[in-house]
Amino acid sequence: MNKTILGYVPEESPIYNTHPATRILFLLIVSLFPMFISAPEWNLLLVVLILILMRYSRIDFSILKLYVPVAVSMGSIILLSYTVFAGNHPEFHELARVLGIRIYYERILDAITVYFRILPMIFIMIYFLSTSRERDIIVAMRSLRIPYAVTYLVAMALRAVGMVIEDFSIVRQAEQARGFDPVGKSIFYKMRKFVMYIIPLFALALRRADEFANALIARGYSFTGLLSNPKRADYVLTHYQAHYWDYLISFVLIVMLVALVVMRYGLGMLSLEGSLTEQLLRAWLLN
Amino acid sequence: MSEAPYISVNDLVFRYPDGTLALDKINLKIYDGDLMALIGQNGSGKTTLSKCLNGLLKPTEGSIIVDGLDTRHTSITSMAKRVGYVFQNPDHQLFNSSVWSEVAYGPRNIQLPPEEIKERVQEALDVVRMPSRYYEEHPFFLPKGLRQRVAIASILALRPKAIIVDEPTTGQDIKQSREIMEFLVDLHEQQGHIIIIITHDMPIVARYARRVVAMGQGHILADGPTAEVFAQPEALAKTFVEPPQITQLAQRCADLGFSPRTLTVEEMMEQTRQILNK
Amino acid sequence: MSDATMSAEQSAEEVWAVEEGEERSVGVIHIVITALLIGIGAVVGAFGSFTLPLGFGVNFFWPAIAVQNVGSIWFGAWGVIAAALFPIISNGVAGTPVYVSLAYIPANAVQAFLPAWAFRQFKGDPRLRKGRDWAIFLISITLGNIFGAFWGPMVVLKSFGLLTTDSLPLFIWGWFAGNEIAGIVFGVILLKALSGVVIRSRAFVKKWFA
Amino acid sequence: MAIVRFEDYQWKYANTKEFALRGINLEIEEGTFVGVIGPNGSGKTTFAYSINGLIPSQYYGVRKGHVYVAGREVKEYRADELAKQVGVVFSDPEAQFTAMTVEDEVVFGMENIGLTVEEIRERLEWVVPLTEIGHLMDKPPYEVSGGQKQRVALAAVLGMMPRVIVMDEPTAMLDPISRKRVFDVLGRMKHEQSNTVIAIEHNLENLIPLADRMVLLYNGEIILDDEPRPFFEQMDLLLKHDVFPPGAIQYFFELLREGYYNGPLPLTLDDATARLRQLVEKVKEQS
């Protein structure tokens, strides 16, 4: 099993045949797709494709459970923004009036459009995080020839995240060991716990900063600025090879992006007007 | 011992959320009056077991009864009053802005009246011999030895019957280690606390612990009076722990009349005098 | 050396003053402290985003704001860099699309930059000794939060179509209030508790980079 | 010529009143294994940092006298140049790791001093089996056990092939068996390589069999400096300075004192066993 940022993925997952840089490219390009797609059904199709990809990459679907509350609350915010707080618009089709709040057909349609546009973006993020190890991100950055100081900063930061999480859970236990019990207490009582965490986390970081810096210097690391990029052997990169399919995937992704732009702005496809969703919603709400 | 144990661990199994089996069918009874060392290799389950003892971790199977209460159904607050846990790194448990409020944190959590909080804090700080000029100092500014004392005081203020101390002598020199241990022995003898020390330091164990529980791969491999446990090299080998050098010397020369239960140089000398003066 | 050796009390002026002959240069320690700040910010931020999830990086109570404010007061530009970067990790883990995260960068940078600038410009004492120090802190983080509150809902969320124009004022207010309260509560606690230690450590940044 | 030489060396940290090291004069010949002992606060870490240049480059303070490594003043070296001469293993293995995998960790220092991919590969082939970390290469260094961590740290330092290796309480955080394995590696190194090793340790049982020479630091000064056997014959001096030799040595010293024994002090358990047998059998024969 490989431990990725979001969980475990079996080692024999086909995802590991791709170069980490390809995976970052996938994240960056495919996240752009929904920006050119208005029709919700096409975005939904994109979600389905990503789910298929997740299955193919043998990602444990239980990770998605973590994001249900996020997806729900996000949907609620959009819905609130497009209904309760949407103001008065006599030019729109009014569907109903609840407690003096007017609900418009156009607003509902927009809310759905926006929601289905953001959804695939989130799935792509989840897909990326659950197929990438911290190391992959570093390898990708190094093979893209990003200055070593920057890559190194990111590497240390990712390492620090793991450390802080560990500290965090120990601090929490230390508080419990002294009778701190937030169960059934008020929100203010619970807020205190943030205070209690943040101080020891900083204090520990400050103590560690010294030790880390000493360890780095002892290994001959010297900070050489962001721009100068002295030659490094980059030994780790020798384990990763870009295969022809990495180039193929990258090429296909870029072609798809161009195709989407052309379809959207050149041919007027993928827009909301006349989309399946619009037709269904119109038939359901306005008639 | 005929009295009822203060802590009783029954067929305890503990599995971490990722599926790792950390403790496998542990049975252990801890009595009032125990001064106990928990030894074993890193990863043998010592820390997991001790976190189960005060309810920080709940058993996957089996049960732990502390002072008649089942840890599975007892609140964190009432566990904290019974079993205290001093973490290895004091920095993880110091988060208040003065030594005084650090020690008062626990009593406040269990919602004692202000008068009693004051009394307990004062008592705890006296017990750890914290000079009063440090009371308003930020714990962060104190040297490590004093930070550790604040950590112990903060547990004492909850007046738990049992106190678990996780590797108190790591990073200390021998003199400092002995001071800490003598202080813990005092707590045991004068205040009547049950003391459980998690440690790798065998000479320290030989010198101070009355009882040793040796763990390995999630099992208890040996349990008994210190000298008895050190006299079982086969069991110890499985825990990857070696008795102190002087004990090993006595054991290797057992055929010459030395007792395999020898723990200190003084004991060894006494036997030598008898053997050589015969 | 964190021993209990108290140095003579420094005044606010002295905290920021670079003495004659004092060499201050960028070192490995700064890279390290930046990384650790990103680590803390990412965890505190993600924790906030998961306990009170509103989605796409919107939080009406976000303790990580204090990491931005305080980190940059203590560590200058390094704190600003960390502040700009850590939300990408914390938001990402909490399910925010990568481009939304990237679009937040200016807001996060400004929220960190303003307090850092104000404390250096007006020689505020990070230990918050006098009313003046408090004023510098409160005004600078408030201005930063105002910028953030406009940037977040207006520029980012609006341009991704997540909010309607009509609902913007409400979200701007909510955003501002959430960050402001969290920033004051946690910022004050951190500054009071740890500034004394930080200004004596070699990681402390007097100018912008060293 | 001595590889490390202290000449009337003194150091005082800024913000403190007392000098942490005073009047240090010491010459260490290339290829020796020196054990440095003394209670906490006696200046051992300051001593280590003065050799690898963290003092004065990373700390403010007052420095008098000289420290030479390979004939050159420490403070005249550039960080990466000095790292080729002196490597340090710190006591807290956690705090010296900055990479995502054991392999990256071991390679990091080698990249810093500018080795090529080929050179790195060659050194890995030597250092990985020496420290027995082959099966750990893909794991995150902070997730392996304490003893393994310290072997990884050792590998990272050895890979840079420094002429002097300074160990600042490398086994303070380890359990007895892990401790032993770290010393096993040191023993192998001592026999196969010609490195100079300066080991600061509280744990004498493992240190003594390897040491060619012992130095006692107390309160910033060198109190005693000799070969192990004569060093431990100064038992009263050692005890007075809070050094408590291993049980077997203490025991034989008592035997000496009470007149039961008059040979040399045994330095290892095997030696002690043999000598005790001899002693008892001789007495029994006589009676």
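Read from first to last, the chains carry the letters A, B, C and D; within each, the first residue is number 1.
Criterion: contacts are C-beta pairs under 8 Å (C-beta built on N, C-alpha and C of every residue); 3 or more make two chains touch, one makes a residue touch a chain.
Source: prediction; values computed, not measured.
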item: Label of the chain whose CA centroid is most distant from the centroid of chain B; value: A
item: Chain A-chain D separation of Cα centroids, rounded to whole Å; value: 47
item: Distance from the mean Cα position of chain D to that of chain B, given in whole angstrom; value: 30
item: Geometric centre distance via CA averages, chain C-chain B, whole Å; value: 41
item: Rounded Å distance between chain A and chain C, as computed from the means of their C-alpha atoms; value: 22
item: Residue list for chain C, restricted to those that touch at least two other chains; value: 2-3, 27, 29, 193-194, 197, 202
item: Chain A: positions in contact with at least two other chains; value: 156, 158-159, 162-163, 197, 199, 203, 207-208, 212-213, 216-217, 221-222
item: Contacts with 2+ other chains: residues of chain D; value: 58
item: Chain contact graph, described as a line, ring, star, complete graph or other shape; value: complete
item: Residues of chain D defined as touching chain A within the complex; value: 49, 52-54, 57-58, 78-80, 82-84, 87-88, 90, 92, 95-101, 103-104, 107-117, 119-121, 140, 142, 156-157, 160
item: Contacting residues of chain B [partner chain C, same complex]; value: 97, 137-138, 140-143, 146
item: In the complex, chain C residues that touch chain B; value: 2-4, 6, 192-194, 196-197
item: Of chain A, residues touching chain B in the complex; value: 167, 170-171, 173-181, 183, 196-197, 199-200, 203-204, 207
item: Chain B residues touching chain D - in the complex, by the definition given at the top; value: 40-43, 170-176, 200, 202-203, 240-242, 244-249, 252-253, 256-257, 264-265, 268-269, 272-273, 275-276, 278
